[in-house]
Amino acid sequence: MEYILECRKIFKSFGGVQALRGVDFTLRSGEVHALVGENGAGKSTLIKIISGALLPDRGDIFYMGQPVRIDSPRKAQEIGISTVYQEPLVYSELSVLENIFLGREIRTPWGNIDWKREEEQARSLFASLGLPHHFLREPMGELSVGLQQLVLIAKALVYEAKVIIFDEPTAILTEHETERLFTIIRKLRDQGVGIIYISHRLEEIFRIADRVTVMRDGEVRGEFPITAVDRAKIVELMAGKLLVEEIARRGVKGDHPLLSVQGLTRRPRFFDISFDLFPGEILGFFGLVGSGRTDVAQTIFGLFRPESGKVFFDGREVSFGSPEEAMQAGIAYLPEDRKVQGLFPIQSVAYNISVTVLRELVRRLGIVDVRKERDIAEKHIRELNIKTPNLKTRVYSLSGGNQQKVVLAKWLSVTPKLLILDEPTRGIDVASKSEIHNLIAHLADQGLAVMMISSELPEILKMSDRVVVMHEGRITGVFEGPEKTAENIIRAATGERMAVAGGVGV
Amino acid sequence: MKRVLDYIVENRVLFLLVLFVALFVVFAVSVPGFFTFYNLTNMTQYGVELGLLALAEMLVILSGGGGIDLSVGSMLTIVAMIIGVLIGRVGLNPSLSILLGLFAGAGMGYLNGVLVSYTGILPFIVTLASLYIYKSLALIIAVDPRFGPNPMPVSNFPESFYFVGQYRIAGIPFQVLCIFIPVILLLWLLLEKSIFGRYLYGVGSNEKAALFSGINVCRVRVTVYTLSGILSALSGWIITSRIASARPDIGTGYELQAITIAVLGGVSIKGGEGSIGGVVLGIAIITLLYNGMQLAGIHQIWQLGSLGVVLVGSVLLNQVLLARRKI
Amino acid sequence: EAKYRIAFVPKLIGIPYFNAMEEGGKKAAQDLDVEFIYTGPVTADVAKQIEIIDNLITQGVDAIAVAPNDPAAITPVLKKAKEKGILVMTSDTDGAQDVRDLFVNQALQNEIGYTVMDELAKAMNYEGEFAIVSCGPTAWNLNIWIAYELERLAQYPKMKLVTIRYAEEDVQMAINVMLDLINAFPNLKGVIGQCSTSAPGVAEAIEQAGKSGQIVATGLSVPSMMAKYVKSGTVKSFVLWNPIDLGYLTVWAAKYLLDGNQFEDGKEYEVPGIETKPKYIAKDKMLVLGPPKVFDASNIDQYMFF
Amino acid sequence: MTNTGFRKVLRRREFTVLGLIVLLVVLFSLTTERFMSVSNLSNLLLQLAGTAISAIGMTMVIITGGIDVSVGSTLGMASVVAGKLLVGGYSPFLVLLSALGTGLVIGLFNGTLIAFGNVPPIIVTLGMMSILRSLMYQLLGGRWISGIPPAIRVIGLGKWLGVPISMWITVVLIAFFTYFLSSRPLGRAIYAVGNNPEAARVSGIDLRRTTLFVYAVLGALAGFAGLVYVARTGIVQTNTGSGFELEVIAAVVLGGTSILGGRGTIIGSLLGAFLVGIIKNGMVLLNVPALSEGLVVGVLIILSVMIDVIRARGERS
């Protein structure tokens, strides 16, 4: 038996969309097999089929040499396939502990749930992941998306699986957590587990994978040992073209800041935050998951009231009571959690893109100009290369990356003075990402002020004029010019005291 | 052919349309007296009052967040009583009384809306409480001292008051032609064409995302509950005029029927999904069924049961066909 | 020639009282060779009743008799029926006098209220506190009877009404309400169960609370439900009429008028199928079945069939 | 830990309702002499048993994000079946089984259509309600059942240690299902399904089985409540149980179960039932005019949830 898992000629279509066209895929025990491809290539669809969440139209799956029919997630779990899905699937009302164990509880001899042993097991697991575990009994909904993702990763590891699938586990994680994850993946690999790893961060692929399969338009475009390819080759196979990605931010500074934050505090999330942001500037915000960047941004956007501190915008002191007011003043905020805060999943693509600009499309008596609405949607679909069957398609049926593009489009279609981007390129493929970066840089060049929160260091380094680093709710460093190095930023992000943790460099 | 079938199954409105036509044909062929101009126009009046409530329910359910209005029946009742008491016992000018009644409806709906959106109490609880409160108030204002401590209906209206509920224009009941159809058209504009409609669907399908998109979620919700109050009030006015009597028990049990029609019409109880066409067809189907079965002389008891069967059966059929098509 | 089609629309279907009327109507239809249609709403809902009558008009029946849930509300549709040449009658409860051709009355309303009050007073020995447990707070004729009961109360100065409560058409609710009342008013001596569900309900509650003998119940209900409590003494007597006869009379009168006959004022008619001699009162266009009937231990066994 | 644990209890909806109940009890005991009497309290318990028993099942249904408006007619149907068999002289045990069985079959039917047919719960159960009412009319033919033999009536009227037997049964059922919901995998799955069906599906929970289960349990419990009804009133009417559904749902929702699913407890529902029951009882004792009963109940409902809202506000600032 050479392969633990073998997929042969898998086909899958959704209505008119052919998502998979005869995909072959294999996985050995004790290897990390990376799966890459542009947004909508069919990666998630493939792993959903392997994990029993979807049924293929045609094709065979062999598991440990035997043909199997994985017709439910339960079946997949029973035979030893564990999955971390791209979209975090959580029970927000239930405790973290239950999120981990529901469906596969540890039981007492009486058949009751053995909370004690579950908690013990979860604790030791979290400890080995280097995660805090004081929140095991807290409702899952109170955790940030990043933490939720870590919990879901832990969940996949609870059971001794033979195959573990990670669908973009790191899209929302910082280098720090990513590093921990890699340590675990290597350990699992050495224990003989087969791992499928999907990511758009190609650097990661080169660090962790043994083999890589490139997909495009529902087909496999190539499969190589990792040593046999380079970045350029993969990008070319994925996107069908070569990429030029060079942006040099030189650091702009005006006379008057557009946004000036002074001593902003909202315990226990953040303390004494002060910074200036100038028109035309891209101000990067870096920090570990939970460092409070999102809270700062959302407070500026009027979602929370600060306890103390002042915000000056456009020369006036402001205190927005709601996002509506902030938007009217000229601030737009792209939220980090696209599923919960960004998308209207059951509405159409066109709707999702145009909803933020409807006020400008109104003709008379509140009647919307449908033609203009459609034009705006079409323009953004083209610009961001969103893969969708048509304008009326409901957003939930798009691939993860394309959903993210829709959220982005929604915020790029407004013309604010300040654009706050919270993890804007989460889950977006390399080619599109570089186009989006160009777009943002272009907007900044035209005078837009951008506050860009990202957990991806290369993105921060590449895009920002200046970088603000946060750690546990405080600003621990502002870097520009030659100071703006990975070393400095990471040191500030981990709280100065800790030296650079083993191998966290890029 | 298969594509056409697929399309019908997928699109709830079309499916309901087919169902409607099928029922219509069956009744037209088999029930004497059904397929006459008189009957077809006459029966429309019976869909109006419940229909307005179903439309109200549609708006509220669309707004999501567990949106539901259990108080529509009670609002109808209390508005009927207000109009009745003002005209019949106080002797106020009918037009003024009606106006006051409609204002009262709007006010009560507004109150529901404010409680729902600014306190975060679930609509179910808010409107359950107002169901009790409005109903009780209706009984209290209906008390007629001439009959001891008992609530009594009011029925001494001037002839002009019956115009809405009992007159016809070209054979078509006035309330259908001059109130129901215009209301439907207005709501259609509101939902399909206006910015408010866009916002409503947004709030209903993802409240958080709506908030982040700069939509004033509270204002949208308050508006739909207020509209629900107004529609219920209209319904209360029409029914009072039609039956020539303002009764403190008239709207009892209407809320569940209204919700059912909205859901039958394809409005998702989770919010953000559903169209006015579906709900209007839902109303049409229920009205048709009652009329057809009664003319066919089917016993009331069986009518009740068959209504249940049709209700569940039609949705089930739709779902089963949908599921079969997916495989 | 086709048979006459005579329809009767009760306030609601599925309760023993109107079932009994249906039975009488059917019997009459058989005896008189007419077609009898019995249809009504499943709850006492006037809007539904109107819709049903409207559809009967569409069907083109010859006569419609109705027990209106709301006399005023039913008027427009009855007017419409009359315009279509249909014989329009009310039975059990009256409608607007000018639209109906005849009202078949079980007994005069004031007499019903007075009789109930008298029976209660007798059972309570003309003194003490009592309560009324009615059904829907909006039931038109119940409220009228209550009004007459209260009018009659003036004759019994030592009796005092403590409260009126409502229990819908639900025996269990009547039991609950009565149990609470027994607790709330320790000096309670009597109770009127105003309708056919609340009367047995209050009697049941008195027995469950062990107050039989201390509190007496009376009211309006059917013998089959009340017999148990009459036998145990909780109920000394209660009031009603014979609804089977009322149903019979309704159909008989319809046929009589359809045949082109006229009633004469003050005349008592001999109707073959029923036990009383109905009397016609011309100024009210009303045919009265007879005085309200009082049921007690002496006669209840004869009437157990309804 | 214990401190925050305690604080968490205080913050719960159940606690608010309990507090309100205590307040009302004190209020009514001070203003009326009869409220605290044995006979009044035992009445209160007798009146609430049926609601409380059905509320157990309704809580589970609502936690899954569903609703069942056919409980009233399920109760009615079961009491028709039980009543007919009792009058026919069948053994009480057989009657018990058939009442439970009737409810169970109805519940299974509802559950099947909802879980396997994907029909919205409100449509299924509303349809079921009309169908059952129709069947009840047919079975009874408009005649009511009376003359229930005394043997069975002990379930409805009997007492043990001064507390009605029906309440003892309720207590046992509540204890069992509370344990079930908090400690059994299937119990937790009910919460999972209500909270996030898609997540539940991929974590290997059988959505359909879980859905079917809750409706079946509710059906059976409503069937049992039907038997209690017959035992208590001794009469079965055609409209037995109409309006009961709203009473049960109100109790559940007042007790803190979210109509959106995923959250709630059975104890809360019991407290919710008591809250409404005590308010109604108190109003008779205080002789508040019957017509304003709804006014008082409604205002108190709003007040009771307002307390939660205000407390949540206070905590945040």
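Which chain is which? They are A, B, C and D, in the order written, and residues in each are numbered from 1.
Methods note: contacts are C-beta pairs under 8 Å (C-beta built on N, C-alpha and C of every residue); 3 or more make two chains touch, one makes a residue touch a chain.
Small disclaimer: the values here were computed from a predicted structure and weren't measured.
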Most distant chain from subunit A, judged by the mean position of its C-alpha atoms: C
Centre distance in Å when subunit B and subunit D are each reduced to the mean of their C-alpha atoms: 29
Between subunit C and subunit D, centroid-to-centroid distance (C-alpha), Å: 35
Whole-Å gap between the CA centroids of subunit A and subunit B: 44
Whole-Å gap separating subunit A and subunit C, where each centre is the average of the chain's CA atoms: 73
Where subunit A touches two or more other chains at once, by residue number: none
Subunit C residues counted as touching two or more neighbouring chains: 13-14, 42-43, 137, 164
Set of subunit B residues in contact with two or more other chains: 139, 149, 151, 301, 304
Those chain pairs that satisfy the touch definition: A-B, A-D, B-C, B-D, C-D
Contact footprint of subunit A on subunit D as seen in their complex: 183-185, 188-189, 191-192, 195-196, 198-206, 262-263
Subunit A - residues contacting subunit D, complex: 51, 53, 72-74, 77, 83, 85, 89-94, 98, 102-105, 107, 111-113
Residues of subunit A that touch subunit B when the two form their complex: 303, 322-324, 326-328, 333, 335, 340-347, 351, 355-356, 358-359, 361-362, 365-368, 370, 410
Interface residues, subunit D side, partner subunit C - complex: 32, 34, 37, 39-40, 43, 46-47, 133, 137, 140-144, 146-147, 157, 229, 232-235, 237-240, 242-243, 280-281, 284-285, 287, 290-291
Of subunit D, residues touching subunit B in the complex: 69, 113, 117-120, 122-124, 126-131, 133-135, 137-138, 246, 250, 253-254, 258-260, 289, 291-299, 301-302, 305-306, 309
